[in-house]
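By letter and in written order, the chains are A, B, C, D, E and F; residue numbering begins at 1 in each of them.
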Amino acid sequence: MCLGVPGRIETILDTTPLERSARVSFGGIRREINLCYVPEAEVGDYVIVHVGFAISRVREEQARQIFQELERLAELEHSRGKSE
Amino acid sequence: MPVTQDEAIRLGHGSGGVMMQHLLRDVVFPHIANQWTSQGHDSATLAIGNSKVVFTTDSFVVSPLFFPGGDIGELAVYGTVNDLAMSGARPLYLSCSLILEEGLSLSVLERVMQSMARAAAVTGVQLVTGDTKVVERGKGDGLFINTSGIGLIEHSLEIAPQRIDSGDSIILSGDVGRHGMAIMASREGLEFEMPLASDCAPLQSPVLELLAAGVEVHCLRDLTRGGLATALVELAESSGRELAVQEAAVPVTESVQGACELLGLDPFYVANEGRFVAFVPREQAALALAALAKNPLTRGSAVIGNVTEGTHAQVILQNSLGSERLLDRLPGEMLPRIC
Amino acid sequence: MKYLDEYRQRASIEQLAAEITRITSKPWRIMEVCGGQTHAIVKFGLQQFLPDDIELIHGPGCPVCVTSLEMIDRAIAIASRPDVILCSFGDMLRVPGTERDLLSVKAAGGDIRTLYSPLHALTVAEQNPDRQIVLFAIGFETTAPAHALTVRLARERGLENFSLLVSHFLVPPAIETICASGASRVQGFLAAGHVCTITGYKHYQPLADHYRVPIVVTGFEPLDILEGILMCVRQLEQGCHRIENQYSRAVAPDGNHTARAMLEEVFTISDQQWRGVGQIANSGLELSAAYADFDAQKRFSLPASAHQDTSGCISGAIMQGLQKPADCPHFGDRCRPEHPLGAPMVSSEGACAAYFRYCARSTANEH
Amino acid sequence: MPVTQDEAIRLGHGSGGVMMQHLLRDVVFPHIANQWTSQGHDSATLAIGNSKVVFTTDSFVVSPLFFPGGDIGELAVYGTVNDLAMSGARPLYLSCSLILEEGLSLSVLERVMQSMARAAAVTGVQLVTGDTKVVERGKGDGLFINTSGIGLIEHSLEIAPQRIDSGDSIILSGDVGRHGMAIMASREGLEFEMPLASDCAPLQSPVLELLAAGVEVHCLRDLTRGGLATALVELAESSGRELAVQEAAVPVTESVQGACELLGLDPFYVANEGRFVAFVPREQAALALAALAKNPLTRGSAVIGNVTEGTHAQVILQNSLGSERLLDRLPGEMLPRIC
Amino acid sequence: MKYLDEYRQRASIEQLAAEITRITSKPWRIMEVCGGQTHAIVKFGLQQFLPDDIELIHGPGCPVCVTSLEMIDRAIAIASRPDVILCSFGDMLRVPGTERDLLSVKAAGGDIRTLYSPLHALTVAEQNPDRQIVLFAIGFETTAPAHALTVRLARERGLENFSLLVSHFLVPPAIETICASGASRVQGFLAAGHVCTITGYKHYQPLADHYRVPIVVTGFEPLDILEGILMCVRQLEQGCHRIENQYSRAVAPDGNHTARAMLEEVFTISDQQWRGVGQIANSGLELSAAYADFDAQKRFSLPASAHQDTSGCISGAIMQGLQKPADCPHFGDRCRPEHPLGAPMVSSEGACAAYFRYCARSTANEH
Amino acid sequence: MCLGVPGRIETILDTTPLERSARVSFGGIRREINLCYVPEAEVGDYVIVHVGFAISRVREEQARQIFQELERLAELEHSRGKSE
């Protein structure tokens, strides 16, 4: 369910509360996206977009966690390799 | 499951997938079975006098008529020129048959005719015969163009799916999916801003250059409806060979990728109008790439896979993660997805 | 593309896969709830990276698949009216109703428009004042806020020719149904990340506690899914049953407040019919009294159809992990991707379609 | 008056009259001017190797798809075969490009394909290449077919409007107007019972028989849109000759006459699909008639007039009463009249 | 065909022509009132059989030609509405309104259907209950009964989506106008045979008496027309001015009672605007009060347009026999059959179109 | 104005007063024609048809008159020829 694609907010197009919207870029292709549900999102932020609506702002710090985990695993692996 | 008589045509019957395959197999080809139509090629090679003449046809029904990077007139010339080129023929003569819908603006027609003339000049073909029909409003879509083409084979190679051989390298002439996405971006309700234009382009010069370079081409196929994946599946079936393709080797521009993510589409199935795959002996792949690299239209050529020793007529896609899956035809029309 | 490409790197995938293999000591059956996750699993061949002991079960998380036969028949009845334009997501058009699908209605002259966003239906309504515009509003919690805002704007703009045929589903009751089934084979869940962007995940706690199943809120990229599986297997191996959030870059514990407030305003919770599964209490949304004017079912006074699904499709059992596509008598025979009998054969990542393609590989040269 | 850019296509632009002439003259031909399109012929003769190859195209948009005496499939084969025959060529190969409208019944398509196959067998041509497109409902009219054709000239005559000479006899191969009236009889709101069928027929055998009989044919032209009158006017203009035609010599069946009276139409302008005019030296007219009389399709052939010594490119009709009037193109579409 | 072929025999025509020539002692100018007669004269080249002294003047008897610019503009306005299907006779579609013709409206998307019979408009109305069907009801007395029966049946069948845009003309007031004009050059009339099948011809008596012109009710075949001319010339040569009936096989002195009764029920006589001629008192028909509901002008509340014909077309003068097409500054220049400026250039037998073709003969190779 | 074509009544199709109609043949082509205005017309009669309505029955005797007139003229001509 629920195709959600991360895109970068480039320009705010409308600031009416319910119809707050922005031009959002997805790898260069752009479309107007409704921002009503991400009042905190600003130009430069990435948002997850579903059927033309931003449903969530992507949090950079949390996004890093998985790569930190991968590094941790790599170290563990490395030390396991050594210890074997 | 055979197509049944009480069915009606749906859009999926025209989109290059399984529905279309079955329509042609069950309703069209049984009535026109002969040595030419059985070849699974997009043109027929005819012996006329001492000459090998190639003959092909296509109707162009693109909407909108003008799109980023081209228009229906250019497409109608290049599309048929490309089909001729895919037999290794030099395109010579085109027919031009117009179906105009009542209400079409004459200035639109004028622009399209200019565009056809320009495309004909670029490709060195002559538009030698034509036809013009007008249909009532609501019984057409502005403008349909049919072009049929005649080309001449000036070499002794046989270029056909049946010549595909195990060990052949598969060369793709550039990035995929731009034409289809440029068209889709202008659809009602989608309306994306596309930074990139259709890949619509004439392919006869790169092909003739490939031949001139001495590459012993086994098979050529331009990518149109159904995109790269469908072209490969068709060729696997026509040749009875197994093809292996590396997903990572296939160029897809970031904006095509972005649009595909957004709509839930697969760029491997999105239409092109200026790309082809060439099957060449592995030892000639470098020679072929060198020849293609000289032409701006095919500068992005790359080997994307090869013909295996496998005995199943199928296409194996090795994706970027290293896992494999089977490519097949789409069932019918490619529809934007919500999930 | 940022936030996509880095989650599709071979080395990372292999690293996580190796860790999963390393810690897996016995067979585990994990359900990825969401069709989007199934899609990624099939497309990227993720099963190939997993040890044989990890069995992934494709869950019911596809609104296209679970929309009931009755509802599709209603959409077909509405779309067949000459005064109506039906707006729908593309993947809904190929799902078979009792006698035909929406694409056939279109071929027979019905005016059906494929939308990317429900907001576009408002434009269609404004451009066609003499027609009735009906939005086929299907979805889970992820899509519901989009439909909620759309109908609210329709009311503000005074669009009298606009209504919604609502077929909205809530995920937690479905998971509970699966857990509650005596026959359930599922030992852990990857919860649907995009649903949780709206709902958060605290409400899963009682479920995890009661049925003693780990639930990992998971994203949709290969790396997300493998990490979700890893987190789930870790719990299973340790005998835990916690709620964890793999998809924290997009999902907050409480979800999206603004969206949830809008849902409260526009919708009320109702019982819902899931295709192949049957009725699940409190598992759906319908328009609240304040928006009842926009309910297409009322506007077109459609009789509550009593069509039973007599196709013999066992999609419900498949989506609950109770049976496999090959157990279905129609699989590959009367039911094929170009002629689907049930919803899981419709989209390429549907459980039956994915399985069909897998089987085709070995039999491709036989027919 | 030149066609202006702010105009829109109307049905009259496709009906063979002055509007169509101007559309082609002002919007289409300027962009594809070359030695072939300048000839005013419905096909192009191409030198390929040692062979003289004839190439032609037509799109068929007839409604209804099935009519008394034929259907669109038969028409699509015969129409292009006939255009090839009008150059004195032996028709050999046809392409077949289908534009299907969403909703078309597959059984209809099946019947049409059967009919094409039958017509191809009758005329000895091969359908060697094809194309299939599907358009959305409301953007087509059930089924459009384009056929393009290749034929071979196996004699040394030049058959072209430019060869028409003063003193030539004009032979018409049968009665006129049946095809157009058979189509019109099935139009909404007209709904006549027609006892007669379309004249739709393949003309290559009578033409080849004419040549085999040793007739030194100067020009041939099949009668299609715009009927006999328009074909004669076009030939007068292409050849720069004055033609004189006797109305009483032109066969019109009573029911065609009846339908024309009722609708206020002139049978000389009603379409045919299996009739042609031949220009032959006067001294060979009898030989030609004898050859044509042997073929059931052209049994009704008759000399209907001759090329005069006149210097005006025009067609003079001598009517049954003995008076004369000038034939010209219709302005646009032929519309039923109340008065 | 019986009753046609025997009236088109060369020998008979030559025999009558010889008799006309024999008895003609000086120039006479005779107007054939009806466009159908003009059509036959042009098509069969009948002028070529007549002595130079007999000049035929083409009269105003073509409803397509005399329908006013305002009325065509109204038809165009109605046909441009998306909710309307306009039903019309074919030859009306090419007549130019102020800015365009109905064919252009059709090209721009207007739903315009060409009819053979007005009755078919009722079928269209029954088949399209959600559209407004408007019948463009043009004609003289010949066509009025068909329209009268059509509207009566519409009322009986309760067709609420049906109405008529009426543009009906009566012939005798137009003949009187021509006679009354000081500039009139017409010395005798061939009255329109088919109009008289309905009206009979007794009402012409006062006209013939007052203006001292012979009036011969005449048919439409070559033989009819030559006999009508012969009868007229005989009277002229003898100085008579009687009403005679050449077309007695179809016309009774009193006309058609049944049809006239129906006309009385459905229509009332009104003033009427003739294109190029201007207003003529009591020369038109409009729907009577009992049928006012079916009046398209009322239903669509069209403003009485005040468009003046500023094209410079002199068709009125031509149709009254006051001027010749070549006197028109636009003839052959801005006004040609494929781009008509006025109605007489529209149909091939229109006075201007016929004259254009005649002239084309001598200049064909100049442009 | 007013194309009118003679056709022969072949079969009565409807006898409802206002909608009385017949299949009428015009040289072999046939169409349903309303007979409301020619109540006297029967099968075998010729009627003048305008826009789908019979507006008049053709009277055979009157139709003969013109040919009698032609014969009369021929005789006169003949006698004039003799007398010259």
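By definition in this document, contacts are C-beta pairs under 8 Å (C-beta built on N, C-alpha and C of every residue); 3 or more make two chains touch, one makes a residue touch a chain.
Here the structure is a predicted model, which is why all the values come from computation and not from measurement.
Trainee: Treating chain E as absent, figure out whether the rest stays one piece or breaks into groups, and list them.
Mentor: Without chain E, and with every other chain where it sits, the touching chains still make one piece.
Trainee: Is the contact between chain B and chain D built from the same residue numbers on each copy (over half shared) or from different ones (under half shared)?
Mentor: Here the answer is same, because the shared fraction of interface numbers exceeds one half.
Trainee: I need the rotation angle between the copies chain A and chain F from a CA superposition, between 0 and 180°, in steps of 5.
Mentor: 180
Trainee: Given the contact rule stated at the top, which pair of chains has the most C-beta pairs in contact?
Mentor: Looking across every pairing, the one with the most contacts is B-D.
Trainee: What is the distance in Å between the mean C-alpha positions of chain A and chain C?
Mentor: One centre to the other, that is 22 Å.
Trainee: Distance between chain A and chain E based on Cα centroids, please, to the nearest Å.
Mentor: Averaging C-alpha atoms per chain gives centres 75 Å apart.
Trainee: List the centre-to-centre spacing of chain A and chain B in whole Å, with centres computed as mean CA coordinates.
Mentor: Chain centres of chain A and chain B, defined by C-alpha means, are spaced 36 Å apart.
Trainee: Considering chain F alone, which of its residues make contact with at least two other chains?
Mentor: 1-3, 5, 26-27, 51
Trainee: Two or more other chains in contact with one residue: find those residues in chain D.
Mentor: Answer for chain D, listing residues that touch two or more other chains: 8-12, 102-103, 254, 257-258, 261-262, 264, 337-339.
Trainee: If a residue has to touch 2 or more other chains to count, which residues of chain E qualify?
Mentor: Chain E, residues with two or more chain partners: 1, 4, 34-36, 61-63, 89, 106-108, 115-117, 120, 139, 143.
Trainee: Using the contact rule from the top, write out all pairs of chains that touch.
Mentor: A-B, A-C, B-C, B-D, B-E, C-D, C-E, D-E, D-F, E-F
Trainee: Going by the contact rule at the top, pick out the chain C residues touching chain E in the complex.
Mentor: Those in contact with chain E are residues 82-83, 130.
Trainee: Chain C touches which residues of chain A in the complex?
Mentor: Against chain C, chain A makes touches at 1-6, 8, 18-19, 26-27, 34, 36-39, 46, 48, 50-53, 55-56, 58-60, 62-63, 65-67, 69-70, 73-74, 77.
Trainee: In their complex, what parts of chain B are in touch with chain C?
Mentor: Chain B residues touching chain C: 1, 8-12, 17-19, 22, 188-190, 254, 257-258, 261-264, 266, 311-314, 319-326, 328, 330-333, 335-339.
Trainee: Spell out the part of chain D that touches chain F in their complex, as residue ranges.
Mentor: 181, 185, 191-196, 253-259, 261-262, 264, 337-339
Trainee: If you look only at chain C, which of its residues touch chain A in the complex?
Mentor: 1-4, 6-7, 12, 15-16, 18-19, 34-36, 61-63, 89, 115-120, 139-140, 142-143, 145-146, 149, 152-153, 156, 192-195, 197-198, 220, 223-224, 227, 246, 248-252, 256, 258-259, 262
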